[in-house]
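Consider the two complexes below, in which subunit A is the common component and subunit B and subunit C are the respective partners.
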Partner chain A sequence: MKPERTAWRRPAGLTAFAAGVALVGLLVRNPYYLNVAIFVGIHALVAVGLGLLVGWAGQISLGHAGFYGLGAYASAILTTRFGLNPWLALLLGAAATGLVAFLVGKPTLRLHGHYLAMATLGLGLIIQIVFNQADRWTEGPSGITAIPYLYLAGLPLNTDSRFYFLVWPLVLVALILAGNLTDSRMGRALRALGQDEGAAAAAGVDVARAKLGVFILSAVFASIAGSLYAHYLTYVSPSPFGFTFSIQLVVMVIVGGAASVWGPLAGAALLTVLHQVLANAAHQWAFLDGLEVVAYGVILVLFLIFRPQGLVAGRRAPRALRLTRPA
Partner chain B sequence: MSDVLLSVRNLGKDFGGVRALSGVSFEVRAGDIHALIGPNGAGKTTLFNCATGVFPPSAGGVWLREHRLTGLPPHHIARLGVARTAQNLRPWRDMTVLENVLVGCHLRGRRGLLSGMFRFPGTCAEEKRLRDLALQRLEQVHLAEYADVRVGELPLGQQRMVELTRALAADPHLLMLDEPAAGLHTRETQELGRLLTSLREQGLTILLIEHDMSLVMSICDRVVVLDHGEMIAEGTPREVQSDRRVVAAYLGEQA
Partner chain C sequence: MLPDGHSLLRLQSVRVAYDGVEALKGISLHVNEGEIVALVGANGAGKSTTLNAISGILPLRAGEMEFLGQSLVGRRPDEIVALGITQVPEGRQVFSEMTVLDNLRMGAYLRLRRRDRAGVREDLERILAMFPLLDERRRQPAGTLSGGEQQMLAVGRALMARPRLLLLDEPTIGLAPQVAHQILETIARLREQGTTILLVEQNVLASLRVADRGYVLETGRVVLEGPSEELLRNRDVQRAYLGKDYEEV
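So, the complex of A and B:
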């Protein structure tokens, strides 16, 4: 039957992607490049989750850096203070972050319009303030150090190379999960409500519930990425989890292309590399310092004007209209 | 007295100071094609919106058998077996024909977000069942060959057909159509008429808003006429056609 084709075109792309990931991991020895690649992967995990919310449900979150931070701090605190197993800490952090997303999303997602953007903007700011102020738990601005490494099969993930081979397979898993969701009952319902809430509700879709579900999901993705961040750097402080990073994440998703599962990954790669380039440039020429945010703004505006669908367009590019009429 | 499926009782709706509906009461019998007609601005779509939970009425209510529809959210009303299409075409244009109908099948599946992601056991079986159902529906309306085409790429007449098929895919008790023939040419309108009568033969109840009088007169069992938010006539197409107030409302005559 014809329709089966669209549903399973992905394995070829995913296989090629997996091979590419493995090649980069095996061939690249330069620690700086590996470091950038790991950050691309961590950011991609957040962006893929956020892409489900932005690209399908048509909602914007301006607080995803907060969820990312909650995961990072949950892992940091639970492992350093309570000596919890890092994997268990990661799961508890994800659960707690999901709960926070539920509490914020439940009242706001029942409303039409972009109230979620407002609520998450506030939430993100509050979370960062808590990281700074609750120094009994978070050590304040100086941050938490000596976070233990993750272990996999008895092997500490204490080198860039090892960590790379944790992060990127997880990115692959995230892409598979997001792709699965695209072709599922709830995935279709989400895409439908992103285009027309009223029509989706008339078809029996519980719009508020579906949006809440995908919002929680995207927060959990961010939290898991945050936990990985904490165990990779073995150090967390409040500054990376602020509003600027929330904006960066949204830019990743939109510039990459929210309608495609691959888009946020492309956006994460572009923005993360760009961040490095700009940071290096600012190191050499002091006057460039602080212009990074301006660069994001310019990029976002240029994309919205010239390529609103993002780097990677949706997987259903416009096709020539078939003019034959049915019998 | 045959079996009543939908009853509208003393329905009223005000928008600020504007009275869009007042004191409208009528019943739709199970297995009938029932038309709702009237000049522009008569309150027909407002009545649909009140009945499907888009907004609450200011007075009265709508019942599907013993269930009060008014006050329920739209997806609950859909779950009770009411499907509708909208006046301005609203299929999901960026999704394929098949996907549109699959969303119409939403209530016939149960799998949630996590099942969809992790493909828990049974997810694929359900997906296959829904796909078969949707394809079967598309075959009935001769759209199966367009299953993979994005709806936005189809001509208007077929887009309407997709929307109708999507509504039917939920297997509703009551189908509410808001101007299904708008924008269709004569031959398409005739096909639509044939489809609706064959659906009635299968036991479906249909309430439709329509301006195409030849369609209304040829397929409908009962007609309700609204004007300025009030019901001015009800009866068989023949009775309504000869009603003095209806003629006045349509032609602007001083009755």
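So, the complex of A and C:
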């Protein structure tokens, strides 16, 4: 039998997307726009991973900013203190973050219900406290400076345009991985357990293990994005890795559409650009300062009421957001 | 009848309780290779509970369960599937938003993990040939199928696991008589192909007609057992389940 032709397997969309990415990278010279585009890409890496967890396993993580921070700090500490190769540091950070996700997910994902959300909420807060307090390693609130640039084929990625051409191909890889996963045996199992855990178990799926696997994968995506962040800015401090960013990531996934592969990317683009617009506005009109979080809340509520499937509708609504059990 | 040691599945004094209330009060039964065994009885007799205990969904309070000489007690549902027991749950439970093909592939989840791709593809074609209605609708979401088609899909999905033992829970419930008849015919055909089946049914007459042997359950106990023809001739069975009056039997 021929493999099923799902929309995803048709490479036209991906090719067009890759061409668009290349075009933007080659034509846009304004460093501010490139900077925003790089952040969209970094955030998209986290959001695509989180989207797998929300959309397929039906679980929410409120601590993904923590995993993102673990990657960033692992890269920062391993390269500045121990002089490790940045690529090796990125891999070690991802492995360590995966281990943390395993330790948190193993006991909580065996339970039915949204215990993972609570556990990750706590974990995220603890991680940020450690970044602030363990100043022997993290330099506390002032942060770690002079993180080295990444090198690719002997070329330092020290300009926006070079870094852009590292981040966006990685986004493309993440999208292909996520797309292949959802069309694979593992992805089918995740979709099945998202619809009916009992029937999935009856087909032989180890439900707890499948959820744990996708949770670890999403944490590793976040960690890699965090490492890229550290080497792009060459500076990390605790503040970007707090609860607010965890919420922003969840909003990106839900507003974008958790049940589709493209959704989290769309959400990352929308929220990252919005963040910039709001920050600029707050710069001009001081009374807007601090209202950003309110804007996220309003957007989230409006989407949940009027377009719960998100900007990009997938094959089904993510289970985490269903108010009623499917019949 | 084979001695107990040679049965595919053997339950010995199995007790199961829901929140302290015993639903199974010491059930003993066995299933031999190649047999169709029916569990019959009224609502609440413990038929589905027995199946759910075998497939690991419900924990045992006491007793022993063995499959191919290995104990099933304390194993997770997915481990029991891996040993070769697949249940078709009551109410069908197909994955309604996945296509017919993806539902069938889900049934072969563990085989695909073992990379048995050629075998799975072969079985997919075999099962689609067995259920032509499913073949016509192979790319449709399972939720768009009729009740009978969904039941066939649920059976097909279970067969995709190539089980040594198939547990069928009320496969004809809620189906039109015509469709129920088709399902029972399918079960008879599976027996000819050598599939071993433990069948739970409220339709006593129909299930005893396809089964080799039967157990009659009443409030958590086995009250009668024997070859199907014997049970069908039994006066108590005829009175209690086949709607015959005292004068008639």
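Everything below uses one rule, namely that the second predicted complex is superposed on the first by the 307 of 327 C-alpha atoms of A that agree within 3 Å, B and C clash if a C-alpha of one lies under 4 Å from a C-alpha of the other, contacts with A are read in each partner's own complex, and residues count from 1 in each chain.
We take it that a residue touches a chain if its C-beta (ideal position, glycine included) is under 8 Å from a C-beta of that chain, and two chains touch if they have at least 3 such contacts.
Nothing here was measured: the structure is a model prediction, and the numbers come from that model.
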Per residue count on subunit A, the busier partner among subunit B and subunit C is B
*asked:* By the touch definition at the top of the document, which applies to A:Gly140: first (subunit B), second (subunit C), both, or neither?
replied: neither
After lining up the shared chain so the two structures overlap, which partner does A:Ala203 touch, if you call subunit B first and subunit C second: first, second, both or neither? both
* Partner chain in contact with A:Pro169 - subunit B first, subunit C second, else both or neither -> neither
Per the contact definition in the header, classify A:Arg191: touching subunit B only (first), subunit C only (second), both, or neither. both
Query raised in the report: Is A:Asn180 in contact with subunit B, with subunit C, with both, or with neither (first, second, both, neither)?
Result: first
Let me test your reading of the model: by the given contact rule, A:Pro240 touches which partner, first (subunit B), second (subunit C), both or neither? neither
| request: Quick one: classify A:Val214 as touching subunit B (first), subunit C (second), both or neither. | output: first
After superposition on chain A, the subunit A residues reached by both subunit B and subunit C are 1, 185, 188-189, 191-192, 195-196, 198-207, 316, 326
Listed in rising order, the residues of subunit B that touch subunit A in the complex are 52-54, 73-75, 78-79, 83-84, 86, 90-96, 98-99, 102-104, 106-107, 109, 111-113, 115-119, 123, 126-127, 130-131, 135, 142-143, 145-150, 153-154, 158, 166-167, 170
Within the complex, subunit C is touched by subunit A residues 1, 4, 185, 188-189, 191-192, 195-196, 198-207, 315-316, 326
In their shared complex, subunit B is touched by residues of subunit A numbered 1-3, 5-6, 177-178, 180-181, 183-189, 191-192, 195-196, 198-207, 210, 213-214, 217, 259, 314, 316, 318-319, 321-322, 326-327
Listed in rising order, the residues of subunit C that touch subunit A in the complex are 55, 57, 76-78, 81-82, 86-87, 89, 93-99, 101-102, 105-107, 109-110, 112-113, 121, 124-125, 139, 157-158, 161
